[in-house]
Structure formats: structure tokens, C-alpha cells
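Okay, so subunit A shows up in both of these, paired with subunit B first and subunit C after.
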Partner chain A sequence: MPVFGTLSYSKQKTIIIVSFLLIPLLLLATFTYFPAIKLVYYSFTNWDGYSPEKPWVGLDNYREVFGNPDIFKVFTHNFAYFAMGIVQNIVAIYFAVVLNSRLRGKNAFRMLLFLPYIMNGVAVAFMFGYVFDTTNGSLNVFLNSIGLTGLGQTSWLGTEGLVNYSLASTGFWRFMGYNMVIYIASLQAIPRDMYEAATIDGAGPLQTLWRITLPNMKPVIQLNLFLTVTGALEVFDLPFVLTKGGPAGASQTYVQRVVETAFAFNNYGLASAMSIILLFFVVFVLLLQQFVLSRGGNN
Partner chain B sequence: MRNKLYSLGFVIMITSALSLSGCGSDNNNGNTASPATDEPAATSSANASAETNSPATEPAAGGASDISGKITFLTNRTDMIGKEYDDYLKRFNEKYPNVTVEFEASQTDYNQQAKVRMASGELPDVMFVPTIPNSDLPKYFAPLDDLGLNDQLTFKDFKSFDGQLYGITTGNSTTGIVYNKQAFADAGITEVPKTWDEFLAACEKLKAKGVIPLASNFKDKWPLNDWVYSVPRIIENNPDFPNEKLNTDTPFTMDNGYGKSLSLLRELNEKGYLEKDINSTNWEQSKKDIASGKFAMYYLGNWVINQVIGAGTTSDNVGFFPLPYDNSGTLTAPLSPDFFYAVAKNSKNVDAAKAFVKWMIEDSGYEDFAGFISPLKGKESNLSQLKEFQSTGVVLQEGTVDDAKVTEITNKAQLDLPAMAQEFVLAKDPQTVFDKWNKAWSKAKKDLGY
Partner chain C sequence: MGTFKFGVKDVIKYFTLLIGVFVVLFPPYVVIVNAFKSTDEFNRSSSLALPDSFLNFDNFVTVFQRGGLVSGFANVLIIIIITLTLNILFGTMVAYVLGRFSFKLKPLVFGAYLVATVIPSITTQVATFGIIKNLGLYNTLGAPIVLYIGADVIQIILYLQFIRNIPVDLDENAMVEGASLFKIYRSIIFPLLTPATATLVILKTISIYNDMYIPYLYMPKQSLGVVTTVLMRFQGVNTADWNLICAAILLILLPTVVLYFFLQRYIFEGVASGAVK
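Presenting the complex of A and B:
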């Protein structure tokens, strides 16, 4: 066995890189790629989740998903999360710009806005159950106490058109701080001298925001939008804890439906196919977003 | 440079060696851990070691002092070990002085644990039947027909195969209206309602008092289970009604059990007898509200009685009566079993095990402690709520085992009955809900070829 030090530089480099990566790659393969490959395999079977045999059914599961318009109708519920996510990004940019300026106590404000993100998602959902309760919920009690008694009767989680926005607003509360922190990081990467030059040339604050800040943040905005879109497509915990998809399925999301198909109705094959379709859907939406946003041209 | 790289390489090798050995020690832990968890199994295998030729035919109800031996009982009621079970054993030994019983605490998942023990052939002498097909029962368990209880037992056919009885229910539950007696008295209701009209009148009185008559916990969905799993079969007066869905393409119609049952719930909601906003209910809070009298009633199983008492009221303030689902005046309530006792076929002391099961059913008083209705037909409960329930002259209707085909169709159609109940109550036109699910049902039935 040759002594390590006598090997050529490039060989040493390879050995080091491989040995450093071995464990993370092993973990990645075990917990991400192996289950993913299994998922693809299950999506072609009719497996019920417990019996030893997994009957091969070819593309039947995919045909069933695309043949059932009900399954795709739930994506309209996800729209609320998307719309709320856009608002969330705009507000996050606003706070990032404000809290990046010279402001007294800005660190305290940053921390306050970021705090909801570190809380456990299910705990947040559970907590908001008490906020949105119709008769005893703090939101309605507050609305009543300031005299809005009409609005204070609203069934936030029980009205068909409203429930998804109520749920999405919880997501807004939770993730806005996270987006904001990413925006602040990118703001701090913008060289100060650009602003100085612009000020000397006589640019106002709005002009610097529009012409310097936003263009420089474009890659980060893209990243955040991507997170928002995939987040909106994959919502699960909020409706699962708060409404169980109710009233009468009005807040059911796609992932919830997948989970139900697999674990309540013992149809792992169909559920796997639905997950694979979601994966392709996310890729498709991502490509679309790339296409639309890069048309403005940074090249 | 070369030196630095050399030392770096050394460090890496050490690190990976360490991490590898880390894995190794993990494996070791895994290996040593499994015998540790198997330990109880090992002790019981000692009991069953001379298992091969046990006299399973000898009647168990022989002379009490002739029966002797040591038996193990694998129980899920870990809380009773060292407390009530010690007392049971003392009383049991008064009758059978030569039998020793060892109570073994199960792990959290009784079913799973029992199946593992079945696979390894190391069953405790007395246990509960796990979820296995009835055709497998004779492989593991001894027939219990010789206990002399057959004509008194409830759910005699649930765990039977080829005409022989392998499992006896440990206790039964029923479903009914659990109510706050004070709230009823304050609203001027002197007698529990015996017909649907009387029930509605009582609700109206409660509502006029500012009390919410029935806490449905609609949002949580599971509290509606009885409206779809039990009420339809008692309305139809046909225990097998849920399984008869197999023979029809339209299992849900307005004039059969499902339609009638859900219409009752819908009527209660339309008249404002349920929570103000049924889409925003809170289960934990509702128990406190029933206890305090802000809500008056639940329609749930008798298991909830103790929870209501625990939420802050006294036992004599909680009453229990059957739901009067129509105006006929005859009352029927569903009866459902809990775990089933079974005796291992290969037990060394089958007679002692059988004697213990018989004693548990007849004399232990376990059903009162656990809040169950006795496994014996017509035996009156010592619990005041169940006594009140039985005193209405209610007929307790035993359910039947779910047909595997019906379950298969239900899953294929993605039909969740409590969710359908929610849709039914909330829909503008409930018929559309039934139409939708009838369509899904017939399609799934056709696809599966039934």
C-alpha cells in the first residue's frame, strides 16, 4: 500500500474529495434516491401497502389520475397559497429595505419578524386554530371588541371561498421573516458605492430602489419565488391540522389527497403516481417561471 | 505542502475510521438491544416449552381445585398491573388455589407484538386476538366452546371458525346520548326523550335556555363516525346492512339507513341545535363545555362518559340514553366489541388458562372497571350511566364483521363515510352528494369485478 504522501497531487485530491463526500453521499442515496426510485417503481404497481406481492399494472395509475378531473381540481385551492406568497414576497422586500436602512432598534425588529419561522409548523397550525375559532377565537373577539360585530361573526375556516386564504395567511405570518432575511442578505451584498454614485447623480430613494436595489436582487427574488411556488404546491400541514380538508373538501390540498390515498385508502400505487406527477408539475412550473423571468434579459 | 497534505490525509483516514467504527458500535447496540426486548418472550417460552401434547379436549369447567399450573396473560392494560390485577388474582385464587397467573405488560402496539410472537410460536397462555383472518384462528388458539358460556355470550360469531369459538369479547361498548343532567333539569326536561319528536322538543327547550343542545364536533370528522357506521344499521334493524352495499350500485339513497341517519344530523344542524359554526369546533373544549353545561349532549360511545367526568363534573351529573332515531318508541342501540380473549392452543396449562378467562368474564368485574357493558348477554351493569341506559329497555344490536370486499370497494372509490356525512350536512342539495358517491361506488365495484 503506497504511503498517502507519495501519491501525486491530483490523486491525493481525488481521495480526499471522495472520502469527504462518502458519508453525505451515502446518506443522500439511502434517504433520498433509493426511496425516490422505489416511488417510481410503486407508481407502476397496484400495491396496497402491506401485502407481500406488488402487482404490476403499467401505466394504469397514471391513466386513472389524468382521467379523474377531481384530482386536479384541488390545485385551485393551492392558488390561494400562491397569491398569498406573492404578497408575502412584496412585504418581505419592503421590510428588508426598511430594516436595512439606518433605523433605531432594527435588529430587534428583524428578530421579531424572523421568530415565527423557527417555530414548529404543526404547533403554529394548532395555535392558529384558537385564533380562527368562530365563537371564542381571538381574531373574532378582537373584531367584536373594536365594534366590527358583523365581521366578528365570520367563520374563517368554515367558509368555502375564505378558508384557503385564512390558512395561507398563517403561512404568510410564518414565512415572511424567512424571506425577509434572505432579502436583507442580498441587499447587504449590493456595493455601497453604487448608491453613492447614484445619489451624487441626483437619484431619489424611489429611483435607487427601482434602478439599483431591485435589479441587483433579481436572482434572490427568483429564488424566493421558486420557494413560494413549490411551497404553495406542496402545502400539507396547515390544512391537515386545522381543517382536515374541510368544510366538505374545500381546503383539501394535493399532497393531502396523496397522503389520504396512500394511508387511508391503502392505495400506495396510485399515491406514488400522484407524487411523481406533482414532481413533474413542480419542474414544469419552475421552467415556466425561469422562462418568464429571464425574458426581461440579464443577458 | 506535501507534509501538510500528508497530515491532512492522515486526519481524514482517522476520521473515516472513527466514523466506520461508529457504525460498527451502532450495529452492536442493535444486536444487543433485540435480545433485551425479547426477554419477556423468552420467559413465556419456558412456560410453553413442553407444549407439544397438551390435552386440549378436557373440559375446563372441571373441579376448581384439580386445576393447577402457571399461566401468563399478555395484557394491554399495563396500568392495571400491580394494582387491580393483583386484586383479581387474589380473588381468583380463592376459587382456584393452585393456579398462578403472571401478568405481562404489552408494548404500545399490542397487535404488532402479538403477531411477532405468533410468528415465533411463543404465545402467552391467555392473550387477546390480534387482527388475523378468522381462518387462521385454529392454528394458534384453543376452542373455547367447553366453557359453558356459549348461549350467554355476545359476539359469539366474531372470532369463530368452522362452528368453533376461539375468542370471547372482553367487554362491549355502545353509542348513545351522553348528557349533562343539570342542563336538562334547568331547561325543564324531566324525562329523557323516547321518540325523535320528543328529542327535538328537548333540543328546543335547551336552545331557548341558551344552551347548545348537541355538541357534534363536526369539524373533527371522527365524532361523526357513529352517524355513518352505527345509526344506519340500527335504523334498518339489520346488523349486516353495511355489508349489503356489496349487492347494489346505489348504496346511498334518501330512504335507506344512510339517508335517514344523515337527514337526522342535517335536521339538527338546520334547526340550530348543533354548534353555532359546525366548521369551527374544538373537541378538547367541548368536553369542558359538556361538563359545565354550556353544551348539553354528545352522541358518542360510552367511553366518553369518564372523559366528561374527568373534564370537571361529578358522575351523578352525567346521564346516558339511547338515541331515539324515530317516533316508533322502540329503542335500538349498536353494540361493539373490544379486544377478544383467547387461549393459546399450545399452552401447557390450557385448563388453567380457560378457567382464568371464564373467571375474568363472569366474576372479575373488569367490565365495570373499564367502563364496558358485560360480555354476557343481559347482565346488568353496575355503572350508573350504563344502568340508566339499559333501563330504557333498549335492544342492543350486535354488529357483524366487515366484509373484506366492501372495504376494498370503499378504498377503491376513495369513499370516506364520515367525510360524506360532512358533505351531506353542508350541501345545498344532499341528493347531489349521494349521487356523486353512488357513481364512485358503482364504478369502483365494476372495476374490481364484484
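Presenting the complex of A and C:
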């Protein structure tokens, strides 16, 4: 670019800033901020998704979300994912500590335990559909073959109190290795000499775990826990693919409910209000995380 | 006594690791063995039993004939290539401007990207839907492409972290030699950001390949299926034929698993650097 190169650096700078930011900022505005603003506007209307007029209804949609126990109850289905996520993090920390110790074949174990994370989510969902099937499902066949015939008749996806935990355990299966790899990275960042000093001072393995390993992992544990919370709030594809929210809506998650309200029942206003409330929860959790993390850093 | 204690601990470690590996491999094992069974064989054998032959590829042939899987792979590949090219281009450009220059509106631009990271795009789809329709992108490959580029800002954050580690001296030396600012971007910044680009390519390829929500919402047209939506349709039509579904699952799992075996080191690094800031 001979012409551009002959300009002064301050002119070049202006041209670069404007031309390099123009399209990316336009995309950011169009597909992140504009939808967010429109969402707020729709949430105060009872728009049906296609009519030109969007009648203003004030806070009615928000009253409906908080007032209708049917809608808010859906969050209790998301709770199973949160509970399983906590267990998932504990197991991930355990395997990370084990794989960070001196052990033969640890690379192979790490590779295998992480494997589910890179698998296609929809394929995994159907895979578990087969595993959980009541009559032919391999889980029940396996349970029967090891003598647990009492458990081997279970309808894993057809029992109301159980279905969310069955689905959440699929999430556990898929994401435990992901958490584990993050925990391993944080363990490797702990300086070796801290452990050496502790050994010289006569600390046992449990003491080193409690006094050195876990405190050093604290920020990463917090990060993973917050990811667990936001992940649990945003669950969609697993129940959508596997159970379609059944039996009788028992496994419907909040995002599924939003999608259904908007695209199946054409109630965009209500769906927008539901989205704003979810957005509010997620942002609240993330801000809480920032607050907790920065406080942890200062101490 | 010391060696004895060490031994017990090792037994516990290996025992729990083997349980973990068993749990991880059990579902894929079931899918693999059943994908090679004929319908007749599938009906009479246990779902845990090995197939008569691992050379029976009939199910895979049937999946390819019925499933639209070829166009599913083709569509997702086109989406991945275009998205990644533009992501890398825009990501490095924004990182160059924000990482190297100071200007009046910089805090605002910077803040806009930071705030965007906390807005989960899954919550705004109700409004995004109308925008995509108005732009005429509904039921085109353009819909997922613009959404993956415009609504996901993780690449900007990743590049900004990396550009801080590229010494400013390099830019200044090039300026002394009379290089234009564009040349500095093209011949210094862009090549030196390659490690970040590699991470981005791997993580984004996996996440786009695995995404169901956006293709399902924006590309319901039959011919625009990607692997996830093709699999959903295939399952809907062949609900009872689990041996066929197993074959389809296997075909869709294969590409990322193969990629993983070759690139695992980079994937681990990418996951770790994405989370541990």
C-alpha cells in the first residue's frame, strides 16, 4: 500500500482505528446490543411476533412471570443440574489432584476422562437416550446383569422425580473432564517449592491438600462454580432433544419454556420478559463472581 | 511401612480412575457394538453383546442414503470455514486497535466488548429472531455465520490477552524503518498472534460443530441441515431403529474424536487458557 504508507502516522492511526473497528462494532451492535434493547421493549408489550402493532402492557408480563407458579416452578427443574454440577466439580477436583500426582499412565487417563467434552451434544443426548431406555436400555441391562434387578426396571426418563437427575447426569458425564482439565492447569501453576517447604515442616498429605492445594485453587473453583450456576440456568439442548420436556412437562427447563412461549405460542411479550429475568439472574451471578473474585484477590 | 501405605493409596487412585474410565466409555461402547448389528441381530442379542462382525457396514450405508448426512457435513464445514476466517480477521483487527492505540472512545469500545461477554446470547434469541428475519437471513447459512461472529466475543478477549505479550518494541522498530501501521498489523501482529489463533480455531470448531440451538431455530429448511439437526430429523423418522441411530451417532462423533486424538495437547491448552486468566 504505497499511498497509505506515505501518510503521517497520526493519519494512518485514525484510518486504521476507524476501518478496523467499523464492521466488528456494527456486528456487535446488531447482534448483541440491539437484540438486548429490543428484548426490553418487547417485554412491556403483548406482541404476537408478526402483527405490525405492539400494544403496550406495562409490567403485566413481569407480573405474569412472578405471579404464575407454573412458569416459575420450571426453575426447580433446573435445580437438578445445579446439584449435579456441584458433585461434578468435587469429582473433577478429586481426579485433577490424582492426575497431578506421580502416576503411571496419567496422560492416557486424562485423555479418556476429557473425551466426552469434545463429543457432539445431540449425538451424546441420543446415546444416553439409548442407555436410559427402560426395556432395551443398556443401563438397565447392565444393572440386571450384575444382579441389581430391583434397579434394573427403572424408567430413568419417564419418572417425574428422577428425569431431571438422569438428564443432569448426562451433563455430568459430558463436562466433568472439562472442569478437570481446568483444575489440573491451576494445580500445575502452584509453585513446587510450596510443597517442598510444607514437607520439610512435617505436613502430612491431607494437611497439604487443605492448607496449600485447595486455597491456591480457590479462584478457579469459584470460577467453575459460577459457570455451573449459569450453565444450570441456561440448560436447553439435553432435555429438548431427549425428553421434549416430558413426562408431562416434568423435565422442561426455563429456556425451553421461553422458546415454546415465543415460537410455539407466539407470545413474544411474555417470552421477552422471561428472557430479561433470566438475563438478570445470569448477570447477577456473574457480577457476584467478579465481586467475590476481586475481594479474594485483595486479601 | 512407608511403601505399604504408598501401595494402598495407589490402589485407590487406580481403582477410582478405572471406574471413571468405565463410566466414560460405557455409552460409546454400547453405541459402537450396536451400530454394526443388523436389525434381526439387534432384536435377538443383548444390547451389551458384541456384534457378529465389525465388518457389517450396512447401517452406515443406510444412514448415508437416507439421512442427508453428506449435506449436513458440507453445511457445517462451510459455516465453520467462513465463521473462523472472519472471526480471526475481525478478532485480530480489534485486538490490534485496542491493544496498541489510545484514542478518545477506547474505554467505550473496550467496555462494549466486556459487557457483551456477560450477555448470554441464549437469552436474547427472542429478539434476535426478528432481526435475522428482517435482514433476509432466515433459512440461509448466513444466519448462523453472523450470529457466531457478532454475538460471540470470546475471540476478542482471547486476542487481547495475547497481544499484551507481544513487545511494543517490535512495532516501534518497524516504524523507525518506515513500515506503515497496516504493514505492522499484517507482518508482525497477525503472525505473532498465531498461538491464540490456533486455540480459537480448535475451540470454535468444536463449539460450532456441536451447536444445535442456532441451526435449529434459524435453518429449519431441509437442505440446510447441519450434523446436529440432521441427526435430530433422522432420529425422528427412525425412532425404533436403534441400530441405525447408533450408526448415525457414531458417524457424527467420529470427526471431533479423530481431531481430538491428533490435537489433544492444543485442546487442553486452549481450555486451560480460556478459563485460567
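Note that the second predicted complex is superposed on the first by the 256 of 299 C-alpha atoms of A that agree within 3 Å, B and C clash if a C-alpha of one lies under 4 Å from a C-alpha of the other, contacts with A are read in each partner's own complex, and residues count from 1 in each chain.
Rule of thumb we're sticking to: a residue touches a chain if its C-beta (ideal position, glycine included) is under 8 Å from a C-beta of that chain, and two chains touch if they have at least 3 such contacts.
Keep in mind that this is a model prediction, so the values were computed, not measured.
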| item | value |
| --- | --- |
| Which of subunit B and subunit C A:Phe265 touches, first, second, both or neither | first |
| Subunit B versus subunit C as contact partner of A:Gly137, first or second or both or neither | both |
| Partner chain(s) touched by A:Gln222 [first = subunit B, second = subunit C, both, neither] | neither |
| Which partner, subunit B or subunit C, touches more subunit A residues | C |
| Subunit B versus subunit C as contact partner of A:Gly5, first or second or both or neither | both |
| Touching partner for A:Ser155 - first (subunit B), second (subunit C), both, neither | first |
| Partner chain(s) touched by A:Leu278 [first = subunit B, second = subunit C, both, neither] | second |
| Partner chain in contact with A:Thr243 - subunit B first, subunit C second, else both or neither | first |
| Touched partner set for A:Ile16, first subunit B, second subunit C, both or neither | both |
| Residues on subunit A lying within both footprints (that of subunit B and that of subunit C) | 4-5, 9, 12, 16, 20, 23, 136-137 |
| Sites on subunit A touched by subunit C in the complex | 1, 4-5, 7, 9, 12-13, 16-17, 20-21, 23-25, 27-28, 30-36, 38-39, 42, 49, 91, 94-95, 98-99, 101, 103, 109-124, 126-128, 130-131, 136-138, 141-142, 145, 173, 177-178, 181-182, 184-186, 189, 220, 223-224, 230, 234, 236-237, 240-241, 255, 258-259, 262-263, 268, 271-272, 275-276, 278-279, 282-283, 286-287 |
| Contact footprint of subunit B on subunit A as seen in their complex | 3-5, 9, 12, 15-16, 19-20, 22-23, 129, 132-137, 155-159, 243-249, 260-261, 264-267 |
| Residue numbers on subunit C that touch subunit A, as the complex places them | 10, 13, 16-17, 20-21, 23-28, 30-31, 34, 46-48, 90, 93-94, 96-97, 101, 103, 109, 112-113, 116, 118-131, 146-147, 149-151, 153, 156, 175, 178-183, 185, 206, 209-210, 212-213, 217, 227-228, 231-232, 235, 242, 245-246, 249, 252-253, 256-257, 259-260, 264, 267-268, 271-272, 275-276 |
| Of subunit B, residues touching subunit A in the complex | 2-3, 5-6, 8-10, 12-13, 16, 19, 219-221, 275-280, 282, 285, 410-412, 414, 416, 419, 422-423, 426-427 |
